[in-house]
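The following block contains the structure, expressed as structure tokens.
Here the chain labels run A, B and C in written order, and each chain numbers its own residues starting at 1.
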Amino acid sequence: MDLLNALVAVLNYIIVPATAYGAQLALGALGVTLIYGILRFSNFAHGDTMAFGTALTILVTWGLQGMGISAGPLPTALLALPFGIALTAAFMLATDRVVYRYYRRVRAAPVVLTMVSAGVMFVMNGLTRVLIGVDEIRFADGARFVISPQEFKAWTGLAEPLALRSTQVITVVTAALVVVWLFWFLAKTRTGKSMRAFSDNEDLALLSGIDPNRVVAVTWILAAALTTIAGTLYGLDKTFKAFNYFQLLLPIFAAAVVGGLGSPIGAIAGGFVIAYSEVAVTYAWKKVATYIVPGWEADSLMQLLSTEYKFAVSFTILIIVLLFKPTGLFKGKSV
Amino acid sequence: MSFLDASDMTGGYGAADILHGCTLKVEKGQIAVIVGPNGAGKSTAMKAVFGMLKLRGGSVKLDGEDITTLSPQDRVKKGMGFVPQVNNVFPTMSVEENLEMGAFIRHDDFHETMEQVYDLFPILREKRYQNAGELSGGQRQQVAVGRALMTKPKLLMLDEPTAGVSPIVMDELFDRIIEVARTGISILMVEQNARQALEIADMGYVLVQGANKYTDTGAALMADPDVRRTFLGG
Amino acid sequence: MSTHQPKAARGGALRAPLFFTIIALLIAIEGMTRGWNGALGILNMGLISAVIALGLNLQWGYAGLFNSGVVGFVALGGLAPVLVAMPPTPGAFAGGGWGILIALCIAVATVVAAVWLNHNLKGKARAVAIIVTLIAGFFLYRAVFDPAVAVIEKINPSAQGNLGGLGLPTLIAWPVGAVLAAGAAWVVGKTALGLRSDYLAIATLGIGEIIVAVLRNEEWLARGVLNVNGIPRPWPVPYEIDLQANADFIARAAGMGLDPVTASTITVKLLWTALFALVLIGLLLLAQLALKSPWGRMMRAIRDNEIAAAAMGKNVTRRHLQIFVLGAAVMGLGGAMMISLDGQMTPSGYNPLRYTFLIWVMVIVGGSGNNWGSVLGGLLIWYLWIKAEVWGPTLMGLITAHLSDGAVKQHLVDSAAHMRLIVMGLVLLLVLRFSPRGLLPER
């Protein structure tokens, strides 16, 4: 019984939340890795693009709610998502047109593009604040739980609750659908293949008649979709606060590098590696320990790091990978 | 009127010219070979013919049409195919996907062409689902040539197709190239193995410092004592 | 940077004096229209910004290193005044200080051991040995560290609860701040330099966040979000109260027709200005000397062509480490100066937009690679940053004047303060695009 309780505790406090968080990071890292693979720079504006896309989605959500439209048990934000994606994509394409395109033409060094993305980050950060302010916003509606903790306790008679929030289920399902679609797109469609070819060998892609502008445009649209979806799912799961999204940049980059920059599979693996480590390291294991070793009263929380240091976890993993396997788990681009 | 007529090409990558009035011509269905010392500008001349380099002087004509100002992509559409000296495959894509990318500009069914490529290079059929980056050097060159053939070009340009392959594979590649030429495709090729290349060449160009030093039929160049002494090692 | 340069800078030798005159005029106008207290306030923070920008210019302008964790090095420098200049908390060091020191030694020893194992073992044994060492070291560290921290945080928690400082003069804290930042930079540089350039950017982003998180959470160190107040001012800056109590001073102020309060605030501000200007000039001299020395020439040679420099037998990674550490030290110095000026440590104020990316704007706008440019950028961008906060709402007020009152108008007026972020982003983008070499291009 105690062992079962320990298992439920691990499930409730680690596996479930970390899976949802991992899915969000994976989507974010996919965007980073896609931009890196095709446009060849680390996009510092990624976190703020997530915030921007989410802010737009929230605004549309409010609009829909105002018109009395809802998605029943699902959050209204899911209905707003396509609009959020479309608006974000339009913004990204416009940004590419007025900002990034010039640097591609003069074949600027990647570090210059990274710098440029910091400028874009500033602008998007400001725009997000103007759009929606700096406060914390909850915008999840619909059913709250798939498995509610009280019901679970009543059903099973266990001391430990298990909560499965609907936003967590939605996150994982949506992320899975998106990833499957993306892999199908990259592996099977003509456009997807041309993107991989462009990422592999830009010059040869040009010689083969692949239109670089089209590849770049599709990349931005996909990146906009991935960031908006990731940001909205993160906001549904937790809350929306612009600054938190900026801070997500580190775990997202870490996930992309750990998996291997430029490798989509790697981005997903990296996202989960980071998420599970972060949650496991900042979890107070005392309760689980007491279940497993009966009669033992641990005198500390048995928490390796306080939650404020969760960034240290991504950072440490990042450094370890950089030191021992700079190309990442799934061999990304080394240079 | 030659099928390809690139005359008096002058230009380079930056301020300094690499090519100084270089002329290259290929007749329909014939093989023309460019030889010359390292750094002579052979690859540069190929890039110039393919429009990857801005020319300051001279012109490029294909089948009588002036294409000097066309982009490489447009030249592909006009019937030119190019296999660069290095980085000539998509390493993380399968052999088959490499061939598909070769046919990117085609909107008709290219499976017949793909079969022809597989017939020409049977090993590629065997390895069709393997990533090109995981192939041996010789196999990779075959992928590269196959990729360029996918557009059904009328002029195929090869920059050192036999670089880094063993003598046996080299002979086989040359045989394949002759086979391709027999189907009516003109071939312009840079070769480091001057002797073997001139043997199969209808026309030979010896390039030195970006200019034509000797131009003659392959056989005549082979017979020329000067060329033999300086470029063919006696 | 040796990138594109659509338009070469014009104006030659007169450019720098011209721009610095403009800055002086802007400050003077501010002083005459809105009071000298505010104007000098802007100038003082501008000088500190210039110091930090100089540090970043060393890294980016001289060596092309992308440091996105400036905020961390500035914050770490800011820790120094707390640790050096604050009075010690009675009983804290005896209670937990040694424990913490020992714990930190354990941490260092663990890392050293892991590095040693990494060099001297091979294969699976290496990985296992390193992991075991790190885990054992971590638990040992926590076992010593946690009780020590608990003791310290119990001492008078409403006002102290931290280790306190050494009670030394604040000026000593400034070089200490530089050393602290340099130490952190050495650790990051040692791991992330020599890899792809973006990896340094990502790693420094991480270290920046972590340093700020440490300051925010380790209450025994600098009271975390509870803030440390009353950090003593450095010599020769007096307190306004003391001046106002000084009969001599009051008399002299009266002689100039000033009331004692105004006179004292202005005097204090001017003394700060003098002190900061002195530091800045010293740094600028050193940086210029370094730039023109063979060492500086080599740095730029490496920046412009890393491969060629490596082929010539230069140890690129080592040189990069040197300059990365030096640059971070200057940032730490700036951070220490800033905390001395503020008189308090508020860790939650360390926002990366303000302390990393705004510094970037300063360096790029000023002209990367040019030390004078960084100083100019620091002063100018700081001025704009402060004024944009005022201008934004004013402008928005004008724009929305004809709108009827309502939610939209209110929202627009409220959001005007955020406009300065957009403005800074646009300034950065415009300069990168149309004048990538900045206002004062590197020669």
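The definition used in the following text is that contacts are C-beta pairs under 8 Å (C-beta built on N, C-alpha and C of every residue); 3 or more make two chains touch, one makes a residue touch a chain.
Here the structure is a predicted model, which is why all the values come from computation and not from measurement.
Enquirer: Are the chains arranged, by touching, as a line, ring, star, complete graph, or other?
Expert: Per interface graph, the chains form a line.
Enquirer: Report the chain closest to the protein's overall CA mean, measuring from each chain's own CA mean.
Expert: When every chain is reduced to its C-alpha mean, the one closest to the whole-protein mean is A.
Enquirer: Averaged over CA atoms, how far is the centre of chain A from the centre of chain C? Could you give it in whole Å?
Expert: Averaging C-alpha atoms per chain gives centres 30 Å apart.
Enquirer: Distance between chain A and chain B based on Cα centroids, please, to the nearest Å.
Expert: Distance between chain centres: 46 Å.
Enquirer: Calculate how many whole Å lie between the centre of chain B and the centre of chain C, each centre taken as the average of the chain's C-alpha atoms.
Expert: From the centre of chain B to the centre of chain C is 57 Å.
Enquirer: Considering only the defined contacts, which chain A positions touch chain C in the complex?
Expert: Going by the criterion above, the answer is residues 41-42, 44, 99, 102, 106, 108-112, 114-116, 118-127, 129-131, 133-134, 246-247, 249-250, 253-254, 257, 261, 300, 304, 306, 308-309, 311-312, 314-315, 318-319, 322-323, 326, 334-335.
Enquirer: Write out the stretch or stretches of chain A touching chain B in their complex.
Expert: Where chain A meets chain B, its residues are 190, 193-194, 196-197, 200-201, 203-211.
Enquirer: Write out the stretch or stretches of chain B touching chain A in their complex.
Expert: Within the complex, chain B contacts chain A at residues 50, 72-73, 76-77, 82, 84, 87-93, 97, 100-102, 104-105, 147, 151.
Enquirer: Inside the complex, what are the residues of chain C that reach chain A?
Expert: The touching residues are 1, 3-4, 64, 66, 68, 138, 146, 191-192, 195-199, 201-203, 205-207, 209-210, 213-214, 216-217, 352-353, 357, 360-361, 364, 414-415, 418-426, 428-429, 432-433, 436.
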